[in-house]
Structure formats: C-alpha cells, structure tokens
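Paired with subunit B in one complex and with subunit C in the other, subunit A is shared by the two complexes that follow.
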Partner chain A sequence: MFERLVEEAPLFFNYHNLVFIAQAMGRTLGMTVIGCSVGFFFGLLIAVLRQSSMTALMPLRAVAIAYVETFRRIPFLIILFIVLFVIEPLMPGTSLFGIATVSVCLLSTAFLSEIIRSGLESVPQQQMEGARTLNFSALQMLFMVVLPQSWKVIVPPATAFVVMFIKDTSLASQLGVIELTFAGKMLVNRGFSPVLGFGVILFCYFALSYPLSRLSAYLEKRLASS
Partner chain B sequence: MHHLEIKDLCASYDKDPVLKGVTLSSDKGEVVSLIGPSGSGKSTLLRALIGLTPPSKGQVFVGGEAVDYSSRRSLRALRGEMAIVFQQYNLFQNMTVLRNVSIAPIKIQKRSRSDAEKEAKSLLEKVGMAGKQDAYPEELSGGQQQRVAIARALATRPEILLLDEVTSALDPERVNEVLDTIRGLTSAGITMIIVSHEMAFVREISTRVAMMDDGKIVEIGPPSQIFDAPEQRRTRDFVSKILKH
Partner chain C sequence: MDYTFQFTEVLKELPYLLGGAGVTLLIAFVSFWAGAIIGLFGAVAKVYGGKMVRNIASGYVIFFTNTPALVQIFLLYYALPDVGILLGPLTAVLIGLILNSGAYLTEILRAGVISVRRSEIEAAATLGMSGMQVLRYVMLPHIAKTIYAPLSNFFVWLVLGSSLAALFGVEELTGRAINISTANLRSIETFTIVAAIYVVLTVLASTSLALVGRWAFRVRAKVF
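This part shows the complex of A and B:
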C-alpha cells in the first residue's frame, strides 16, 4: 500500500488536482463561515427577542421558540433535503452551494440562538436595573452593558459549534455540492488510492478547523481575564 | 408644593402585595430615612418610586407633576431627575470606573465627553476615588465600588437621590467611608430618601424618619421623636430592639 502511495503522489499533486481541492476547501469554508455568520446574526435576534417581555412581540416569540426547538432536533441531512425540495421549484437554477448554505443558516441560527441566549442570561439582573435607572434604552443596554459582558460565555461554545460544523458540512456532499468530502470521492473515483485521496481531505479539514480552535482558545483566555 | 409627593402608593412582587398604601412627602433638600423590619417594604418603596417595580395603585408627584409609570416618556423624565444607589452597587462590570460614571451623561444626556469626564473626575475626587478612575469594578473593594456607584448616580445631576441599604453589603470597617460620602451630600440640596439599618447615621443625617411595617408607614417624624419618644407602639418596639444591640 505504501508503495502505491509513493507511486501515485506525483500524479496526485498536480496543478489541476490542487486547484480542485482548494476550490472544494473554499466551498466547505464558505458554507460554514457564511452559514454561521448569518446564523449568528439571526441567532442574536432570536435570543434578544426571547428575552424581551413586550406583549406586542408575544406571537413573534412563540414562532421563534417553535423554530429553535424544531430545527435543533432535525438532522442536518434532512434540513438539506427539505431546503432542496422547497427551493428548487420556487427558484429553479439556485446553485447547490446556495441551497447548502441556506441549510447551514437555518441550523446554525437555531443552535447559536441558544448559545447566545445562555450568554445573555448569564448577566445578572442588577446590571440591567442599573442601566434602566440611568435611562438606557433597550438597545443601548444590549450593546453597552449586556453583550460586552456575555461574550465570555458565548464565544467558547459558539466557536466550538462552528468548528464542529466544518465537519458536518460534509453532508452537503449528499446533495452533490463539490465540497471537500465530495472532492475526495471524485478523486478516488478517478482511480487514486482512497488512502491518499481521503488522507489529503482529512488534512484539509484539519487545516480549516485547527486555527479556529486556537483562535477560540485565545479569545477564551483573553475574555476570561477582562 | 412638595418636591416629592407620594400618595397611597401600592406595589406587588409576584402578586404579593408588599406596599399597601404609602403616603409620604418630602421638601427640596430634605433627607427622609425609612426604617423598619426586613420585608416591611422599604426597598420596594424605592424601587417603585424609580419604576423598577411599577406601582399598582397610587400616585407620585415630582415637582408637582404626576408620574405615569406606564409611559416610557414619563419614566424617562422621572429618571432624569431621580437616581438610585443599590445595595449591590450594580456598577457595569465591563467598564472602568471613569466610564461607569461618565457613560450616562455622555450617551444618555448627550453632554460632551470632555465636559462629562471632567465632572466625573471631580465627582470621583469628591467620593475619594480619584486615583482609581482606570480600575474595573471587580478590582475594588465593596466600599470603593459603592462610592463609585454614588458618583455614578450624582453624575446625572439628580434632584432626588434614593439610597437603598447602601452599606448593608459592606464589611463593617468599610461602612464609614460610604456614610462619610453621603454626609457630604446633604448640603448639596439634593432630596434624599434613604433606607438604612445604620441607626446612629439615620438619626444624625435625617430631617425626618419614617417607620415602616407591613407595607405601610406607621409613624413619621423628626429623628428625636422616632428614636426618643415614639408615639406608636410598633415604633417603640422596633427602636428599642435595634438600639439595644
């Protein structure tokens, strides 16, 4: 087996294959980063919505809770298929990458909103009372007092979620998105050794997630000391 | 016209009535202290006044104007004139001392940064915290935090200051530094409503003392009356128990 690897390596690492893998890596990273960024934005919105006590927002809150509780319980693969079969007829021609990214958004919104909510809830009620009696508006209170104090609770699990999600995007290969896992399959189908093909893919996943884990550890340390 | 007038004020915590009709008024610059056993509604009265526990019944007038606790605008106006200092200081943990004191003047009252910071520094000096302006709250002792909290409350230039058991969470040797700070305020013409268990301090600083029990004021009068010659039996019992300690 080892001899086969040595024999194939020069053929495998040609310009064409490297670009192909780099593009696949870009799609994996793209789905994760775009999906989780959008998810973070909407997750924050939902978390704030769920914290507010305004009666006018009651119906919206109920929808948000139903959404979060449902989507956290559906396997990612199922979300991918649902999004595919809903979007296809509505917007024919949408790229598979687009469909997969929307699916990531849907799932990450649900998970990240829970992470953010627990962060917001970690800030003692007294901090809010102090702000309210000083005439802070709800938004000022959120951005000047509550969020700055909740980052240290939010950042570690949120980055852990994103790192984990880099792996889960491999399910998008089931749709035919040419991300890392699918690229590995294609290379192996072309006749390369599976150990070589998927070995390189393994390394690519590691190269994507390890720096993020380090960044998370660094942020965690910095936030904890402030 | 009284500076602050409270009429038949009621408030509940989780459906439990805690304030059961409090009537009290205070002239400008007066220091009114609330004493009484735990659970008698003293802190709730302060929280109700500033709208943290919205009153369920009754009226509050500030400078002759009725406060509407269901109206955001009215609450905003009220909190522009009234400030509260909490038992647990409630300083913003993510901000330095200077920022804690200057943020409301800058961001809420839209005063210029240089102006607000200058005033904040002079207030910090007044409460004896000038050297700590760049520290974070968690680096300070309870007494120091409480003095910063007083400076923060004063920075919004309130006409009425509510002090809610401001020394109760402090180490005994830290109590005096905070009480000294409050003593320094009485000449500033700020109307103060103080909830305190420091009886010697209450007696010294108050123009009037109100004895509260079970959500009501049972007796109100100058300190000499409340402490030396209380008219109500409930006051007599409470004061004699407290002063024996």
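This part shows the complex of A and C:
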C-alpha cells in the first residue's frame, strides 16, 4: 500500500487535480455559507415570531413550530431527495448545486432557529419590561435590548453548527454536486488509490472545519467569562 | 403542472418500510452503546490520563468530529481492501458510526465527569460514604443531569445519521425507500412518507428517553 502511495503521489498532486479539488472545496464552502446565512436570517425571523405573543400571529406561529420540529427530525439525505424531486419538475434546469443549497437552507433554518430561540430566551424578562416602560417599540426592543445580550449565547453553538453543516454537505455528493466528496470519488474512479484520494479529501474537510470548531470553543470560553 | 399524488402505491409497502425502520434503530442502537464504551474510556482518559494518553484521546476526538462520517466510511470501505481487509457494507458503516459516536460521546461524557465538584466528593468522604456510595449518590446525579439531554439529542442524531448507510447498499429505512422509489417511480410520495416515519421514530425515541430520564435520574429532559 505504501509503495503505491509514493508512486502515485507525484501524479496525484499535479496542477489540474489541485485546481479541481480547490474548486470542489469552493462548492462545499459555498453551499455551507449560503445555506447557513439564509438559515440564520429565516431562523431569526422564526425565533422572533415564536417569542411574540400577538394573537393575530397565532397560525403563523403554529406553522413555524411545525416546520422546525419536523425538519429537525428528517435526515438530510431524505430532504435532499424530496427537494430534488419537487424542484426538478417545477423548475427544470435548476442546477444541482442550487438544489443542494436549497436543502441546506431548509435544514439550517430549522436548526438555527432553535439555537437563536434559546439565545433570545436567555435574556431576563425584566429587561423587556424595563424597555417597555421606557416606551421602546418592538423592533427597538429586539435590536437594542434583546439581540445585543443574546449574542453570547447564540454565537458559540451557531459556529459549532456551521461545522456540522460543512460535514453534512458531503451527502450532496449523492445528487452529483461536484463538491469535495464527489471530487474524491471521481479521483478514485480515475484510478488513484482510495487511501490517497479520500485521505486528501478528509484533510480538506479538516482544514475547513477545524479552524471553525476552534473558534467556537474560543468564543464559548471568551464570551462566558465576560 | 398537473401531478396527482398517489400515496396508495407507497402505503402498500409500509410493512417493508417499517422493517427498514427496525434496521435503522438497530444501527443507531449498536453505534450508540459501542460508542458509549469508547466515549467512557475517552472521557476518563481526557480527564484523568497522563499527557500522552490525553493527547491521543483529543487527537481521536478532533479528527472524527471535524471530518464527515461519509468520507470516513468511504475510506474504510474502499481503502482497507488495499491492505487485505474486506468489510461488508453494514460492517463498514457500523465501524464508521461507532468511531464517530465514540468521539462525540467522549466530549459529552467528559462534560459530565467534570461537572462533579471536587469539594462535594470530599464532603461525601468526610461523611463516611464508601466509594460506591459516592459514585451512586453524589457523582451520578450530577453526571446524569449534565449529560442526559445531550445524550438523547445525540441518539436522535444517530438515527438520522444512520441514513447514510443507504449509500453503501445497506437496506435500512432510507435504503428501502430508494428501492421502492426506483420500482414505483413515485419518488415524492415515497420520500415524504419515509420522512414522516423518521419524524415519528425520533419523536418516539426522544419521548421514551425523556420518560426514562425522569423516572431513573429525575432529569427533566425536554422532548420539543
């Protein structure tokens, strides 16, 4: 096995393969970043919606709760398949990357809304009452009182969550999106040794997620002490 | 767009799918308990071990929590034959998931072990409690309270994560769903029903775990 690695290494690490892997890495990162940003936005909306107590918003709240609770309990692979088979006939010609990104958005919205909600709930009730007494509007209260205080509860688990998503996007290889895992499969199919091909891919994933998980651990320590 | 949903085609196959759900639960169960054993050793190594042992344990955790389980199993499945070890699909998936859950459970259990304050153990010893009594009445309640919620969340995560076994041809819930949908070509219906089965499965799992936790450890774990 070892001789084979030494023999193949110079062939493997040529310019074209490296560019190919870098592009694949970009797609993995793209899916994660777009998916988690969109997920954060909608997650925030859902979390705020669930905090509100207006009776008019009752049905919307019920839908939001149902959405969050179901999507957190469906495997990413199944969501990918459903999104694929729903979008394909409705909008033919959507790229596979787009389909995978939509699935990431759907799932990350559900997970991030839970993280954000626990952050919002960590702000003591008296703060809200105080803000109301000072005649803050609902939006002012959210942006000037609640959010600044809940960041330190939200940010560390949210970062850890992004790490989880970098790893989950590997399932998108099953659709045929040329991200890291699929790139690894292609290289192995081209005849390179699986140890080399998948080993390099594992290293790429590690390079993406390790800094982030360190950041998450650092933020947790740093924000907890302040 | 005129598409008529036909769920009857899929509902006919419900017993077959539920059998697959059994396999899913089995995979999750085996990887959870085997992972818990690894995790226990890992946690003890990280808290009480010497420098060398600590480094090995953290290296293991860092590697497995920062790389996708799917690629790890690819490596096991396609690379080990190079050194003469041929694994069946189910074995490869199980080994991969066990090593993964071992890493995550190390972290969860470690949090439990360090949640017990030294002074409490000393106080218990002063009161004349034996080692087993300290473990049972002082350490275990703290550990259970800290780790119970993350543990049951992790079990749910394993149930969902085990769906990747389908990509290696293991016929668990997702695998059987793929089989059915390629035969009846009712993909949306099939996967919607399978998604519903997963929801029911995980709700049942977390409800029963919450009940057990309340009964055995007096932990108030939330289901939703």
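Note that the second predicted complex is superposed on the first by the 221 of 226 C-alpha atoms of A that agree within 3 Å, B and C clash if a C-alpha of one lies under 4 Å from a C-alpha of the other, contacts with A are read in each partner's own complex, and residues count from 1 in each chain.
Going forward, a contact is a pair of C-beta atoms (placed from the backbone, for glycine too) under 8 Å apart; a residue touches a chain by one contact, two chains touch by 3 or more.
Because the structure is predicted, anything quoted here is derived from the model rather than measured.
Enquirer: Based on the superposed arrangement around subunit A, label subunit B with subunit C as either clash or fit.
Expert: With subunit A as the common anchor, subunit B and subunit C both fit in the superposed model.
Enquirer: With both complexes overlaid on chain A, does A:I82 touch subunit B (first), subunit C (second), both or neither?
Expert: A:I82: touches subunit C, not subunit B.
Enquirer: In the overlaid three-chain picture, which partner chain does A:Y210 touch, first (subunit B) or second (subunit C), both, or neither?
Expert: The second partner, subunit C, only.
Enquirer: According to the stated criteria, A:V6 is in contact with first (subunit B), second (subunit C), both, or neither; which is it?
Expert: Neither partner.
Enquirer: Return first, second, both or neither, reflecting whether A:L139 touches subunit B, subunit C, both chains, or no partner chain.
Expert: Neither partner.
Enquirer: Count the residues of subunit A touched by subunit B and by subunit C, then name the partner with the higher count.
Expert: Partner touching more subunit A residues in the overlay: C.
Enquirer: Contact-wise, after the overlay, does A:Q126 reach subunit B, subunit C, both or neither (first, second, both, neither)?
Expert: First partner only.
Enquirer: Name the contact category of A:A56: first (subunit B only), second (subunit C only), both, or neither.
Expert: neither
Enquirer: Between subunit B and subunit C, what opening angle does the Cα centre of subunit A see in the overlaid model, nearest 10 degrees?
Expert: It works out to roughly 100 degrees.
Enquirer: Could you state the shortest Cα distance, in Å, between subunit B and subunit C after the structures are superposed?
Expert: Shortest inter-chain C-alpha distance (subunit B to subunit C): 24 Å.
Enquirer: What does subunit B use to touch subunit A in their complex?
Expert: Touching subunit A from subunit B are residues 50, 52, 76, 79-80, 83-84, 86, 88, 90-94, 103-104, 107-108, 152, 156.
Enquirer: Which residues of subunit A touch subunit B once you look at their complex with the stated criterion?
Expert: 126-127, 129-136, 140, 144-145, 148-149, 226
Enquirer: Which positions of subunit C touch subunit A when the two form their complex?
Expert: Interface residues on the subunit C side: 1, 3, 62-63, 65-72, 74-75, 78-79, 82-83, 156, 160-161, 163-164, 166-167, 174, 177, 187-188, 191-192, 194-195, 198-199, 202-203, 224.
Enquirer: Which positions of subunit A touch subunit C when the two form their complex?
Expert: 1, 4, 69-70, 73-79, 81-82, 85-86, 89-90, 163, 166-168, 170-171, 173-174, 180-181, 184-185, 188, 193-195, 198-199, 201-202, 205-206, 209-210, 213
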